[in-house]
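Okay, got some structures for you below.
Each of the next two complexes has subunit A plus one more chain, namely subunit B in the first and subunit C in the second.
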Partner chain A sequence: MDRASRRGLSPRLWLAGGWLLLALLAAIFAPLVAPQDPLAQDLMLERLPPFWLDGAEPGYWLGTDSLGRDLLSRLIFGGRIAFIVAFAAAIAACLVGSTLGLIAGYFGGWADRIISRIVDIWMAFPPVLFAILLVAVLGTGLSSVILAIAIIDWTRFCRVIRAEAMGQSRMDYVENARIAGYGRIGIMLREVLPNVVPSIVALLSLEMGIAVIVEAILSFVNLSISTDDPTWGSIIAEGRLSIHQAWWVLVFPLITLILTVLSFSQFGEALKTRFDPVLR
Partner chain B sequence: MSACLDIANLSAVLPNGQRVLRSVSLSVQPGEVRALVGESGAGKTMIGKAVLGVLPSSVRIVEGDMRLEGEDLGRLQPKARRTLIGARTALIPQDPLTALNPSRRIGPQMTDRLVRILGWSGEKADTRIRQLLDEVQIRDPDRVLKSYPHELSGGMRQRVLIAAAFAAEPRLIVADEPTTALDVTVQKQILRLIAALQREHGTAILFVTHDLGVVAKISQKVSVLYAGKVVEEADTAALFAAPQHPYTRALMAATPRYTDPFASLKPVDEAVLAGLAAEIASADQAWRRPHG
Partner chain C sequence: MLLQRFLIRLLTMLITLFGVAVVVFVVIRVAPGDPIAMMLPPGATDDDIARLRALYGLDKTIVQQFFIWLSGVVRGDFGTSISLRQDVLSLVFNRLPATLELAIVALIMAVALGGTTAVLGARERGTAVEAGIDIASGAALSIPDFLWGLVLILLFGVLVPIFDISGRVSPQLDLPFVTQFYFFESLLRLRFDLTWDLLKHMLMPAVALALPLAAIISQLLKQSLKEVLDLDYVVLARVKGFSETQVILREALKNAALPTLTLVGVQFTFLIGGTVIVERLFSYEGLGNMAIDAVINRDLPLIQGIVLVFALLFVLINLTVDMMYALLNPRLRHG
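Coming up: the complex of A and B.
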């Protein structure tokens, strides 16, 4: 690897990070950057094609849906919910999963046995069904979607971090720290944790992408945010109905979703390389 | 004057009841180097770990005393024992590649222990570490202290670990095959460094090795170990001049000689091993009777 890519300046990081930054900024400043009101319906403007096709109207860059709502504006506002869910759910899952994984991997013995069994049982549930079940129980709404994703996906962190912490705990420097007289918790936090941080960061980014998908799936089946606020999943669900008349309503949210999820996973990989002193 | 380390009658078993240490007794006087020599699996490292309180959880000590400067380690509360071991001992590990935390810079890693465990000021710890790095002949301490472990060679890392071991002025250092993972040319330098620092600081060392050549160079006393049992112990000079136990003699005969590089390697004599096995079996039987 040359110096530039070792410093993390790889095109992968730039492309992924660039897309995420663009999408994030657009979502944060949605009221300022969205060309139209995402909820404004105008049946005179229904199913306008994107700007490069005949019949496009200026100001409706990606066309409109069957109710005449501007697609670009809806995608931008939908990004708000996608990012809130991505960050909140992934961080919650990460905190719970990494903590339990670290404890199971470092302490071993009973702690490990109990935590590992819980993870096994947890993973026996099909995740999407589990999510639908949880949202049905918790009720729809932003916070229950976030909670549902965190409840389902902490096992992903737990398994990986447990395995890594276990490997680290067998290293001589952990033994050396014990000889020197450090406490168990101190060793776990000071010696083991820094060595699993690269994996935590990569998983966190990956999990954000997964959270975006799960949220889209939930809103696709109408179980996410029950208000009229546009979400990527609900736009896709609507676009599916009019695919033969207005393909763009389905295609653009799909592209947005795929790019975002892909970017999260690529960004995570690149960050991992960056955080790891040996790979760096 | 009490011994720096005194192990009496130490036995340890695996969960299946097999003894891994068989009534081991040995002592290390202050400022003395005792070599612990034997084949792999003889329990040399196990003794070192027992002293330092880091035995694998599957190994259980069933009998015997370990005294560190007269303090009975078995009688101390776990916390007090940790503190005592942490303050008075140190380890020079076998593999310098895994003995340093890869995600932390050398400097903080070395000073941390002095500051957090022994309560030194940061400045004092830094001065001390630099002094030790100088003693292990690291000429560019600034660069080394700022480096991550993977940026240093194996020999450099072992120097750093030696410096770290001596930094807190421990009374006893357990050196667990400290040259085994190194290049042959580096081995010699490292051995010389350990010997020099040991003399300078007057630290007692329990030197675990399988290499009789190393034993001859560095130690004053030797314990020869086989299957977790001390089969012979003597002054190093006396042992090499006149080994008493047949196993010791066989072990010496099996050491390759540089004077005759084309001679084939000899394994330890079968008859001797058979004799040892019988000796150990009868010892185990005698030991089991009172221990149920």
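Coming up: the complex of A and C.
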């Protein structure tokens, strides 16, 4: 591995960071940057192609859907939901999963046995079906989607952090801290936790990409937030239906999603490599 | 030793399944919205509602309801679907073969693709070929099956329309099948016209499911192959005059495959989990597609049945892989 990628400065990482920053800024300032009202329907403007094709209208850069709504504006506003879900769900899953993982890995014994058994039970659920079921139960809406993803994906953090905490707790420095008279919880928080933080940060980035996908899947099956607000998944669902009449309604949200997911996973990988003391 | 390991695994498997049953039951009973109210026409009286509640056992306490339901499940009685008014178990068994066929075809594709690229990458290690394989498998791994499905629909359903993008089989065809395993049965009956039609429907969802798994197999197997290729016995085979491909296939693969096997087991369960949304995407009439309908219709007995069947499948796969690993690993076999 060359120096640049070890420091996390490879071109790929710059591209990933650039895309995420661009998408995030567009989402934050959506009312200012979106060229049109994302909800405005105009049947005179239905299924306009993107700007380089014949029949395109100025101001509708990526074309319109079957109700004449501007695709670019819908993608920009859909980014708001995607990023809110990505950050909130990933952080919630991380807090629950890392705490339980730390406890299971450091204390071992009964705590570990119970937590590991719960993780096993969770792993026996098909995650997408579990997510759809939870949202159906909790009711559609932004907070339900966030909660559902956190409830399902905490195990990703728990499994990794448990294994790492277990490894750390066998190290000499933990024994030294114990001899020095620190309490068990003090050692866990002050000594073990800082050493597993790099893994937590890397997983967090990966989880954000996963959360974006799960939100898209939920709105694809029409179970995410209210049907009025545009989301990347609901745009994809429309695009899937009108695929033979207006391919752009599927292509652009798909590209947006792929770039976002790839960027989050590139970040996660780079962070993992950067913090890994062996690779460093 | 092996038997003991098997029994312990079997016990943990039962505990896991019991836990799954509890979680599903609790989650579903928390659901707002009365399924009984949805079944009845608007003019129903309170008497009608009470009668139907008693019929479905909804008038008892939650703990009673759970154990009544669980004792039924153990006897193979999963209840009656509220939206389809049919026995849940027969509905599930009707759809399960379609999902299993899809998953197995995807698994075969993933092993073939992942295995081939791993061997190729190990043979051409340090060259542009290996770098290309690394980039391709990195992308295949980072993009989830849902997005691969959409990419494939665009490429081979719209741009170059060579495959069907919806359904399991062309509706106008006359199907002579007695089982629900259409694809496998068409092969056994030598009805290759039907096989081809089924394959045209199945190929894209299967590829979407296979790509992420193929990438994992490729990366891990290539890594273990490269480690094994430096060991003495492999060097000896090379000195004996075997070509590099022969060395890999005859000597190295056998020992490098074991770590990959464990991983394939867990990842295969992820692949089956992925069928839920991929079937939806391709309107493929499998268990996952039915599950999403069941959730949308708030069909509680059907959801419970489907989730339990998926969970049973997952723990059985893990158990099988664990036993295969124990049988194949010489250290565990004699230990």
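Basically, the second predicted complex is superposed on the first by the 264 of 280 C-alpha atoms of A that agree within 3 Å, B and C clash if a C-alpha of one lies under 4 Å from a C-alpha of the other, contacts with A are read in each partner's own complex, and residues count from 1 in each chain.
Operating definition for what follows: contacts are C-beta pairs under 8 Å (C-beta built on N, C-alpha and C of every residue); 3 or more make two chains touch, one makes a residue touch a chain.
If you're wondering where the values come from, they're calculated on a predicted model, not measured in any experiment.
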item	value
Fit or clash - subunit C, subunit B, common subunit A	fit
Which of subunit B and subunit C A:Ile258 touches, first, second, both or neither	second
Greater residue coverage of subunit A in the superposed arrangement, subunit B or subunit C	C
C-alpha centroid angle, subunit C to subunit B via subunit A, nearest 10°	90
Contacts of A:Val137 with subunit B and subunit C, given as first, second, both or neither	second
Subunit B versus subunit C as contact partner of A:Glu191, first or second or both or neither	first
Touching partner for A:Tyr182 - first (subunit B), second (subunit C), both, neither	first
First (subunit B), second (subunit C), both or neither touched by A:Ile121	second
A:Ala216 touches, of subunit B and subunit C: first, second, both or neither?	second
Subunit B versus subunit C as contact partner of A:Ile236, first or second or both or neither	second
After superposition on chain A, the shortest CA separation from subunit B to subunit C (Å)	19
Touching residues (chain side subunit B, partner subunit A) in the complex	52-54, 57, 82-83, 85-87, 89-91, 93-95, 98-104, 112-113, 116-117, 148, 150
Parts of subunit A lying in touch with subunit B, wherever the complex brings them together	109, 171-173, 175-176, 178-182, 190-191, 194-195, 197, 276-278
Parts of subunit C lying in touch with subunit A, wherever the complex brings them together	12, 15-17, 19-20, 23, 27-28, 30-32, 139, 142-144, 146-147, 150-151, 153-154, 157-158, 165, 269, 272-277, 280-281, 288, 291-292, 295-296, 298, 303, 306-307, 310-311, 314-315
Contact footprint of subunit C on subunit A as seen in their complex	117-118, 120-121, 123-130, 132-134, 136-137, 139, 209-210, 213, 216-217, 220-223, 236, 240, 243-244, 247, 250-251, 254, 257-258, 261-262, 265-266
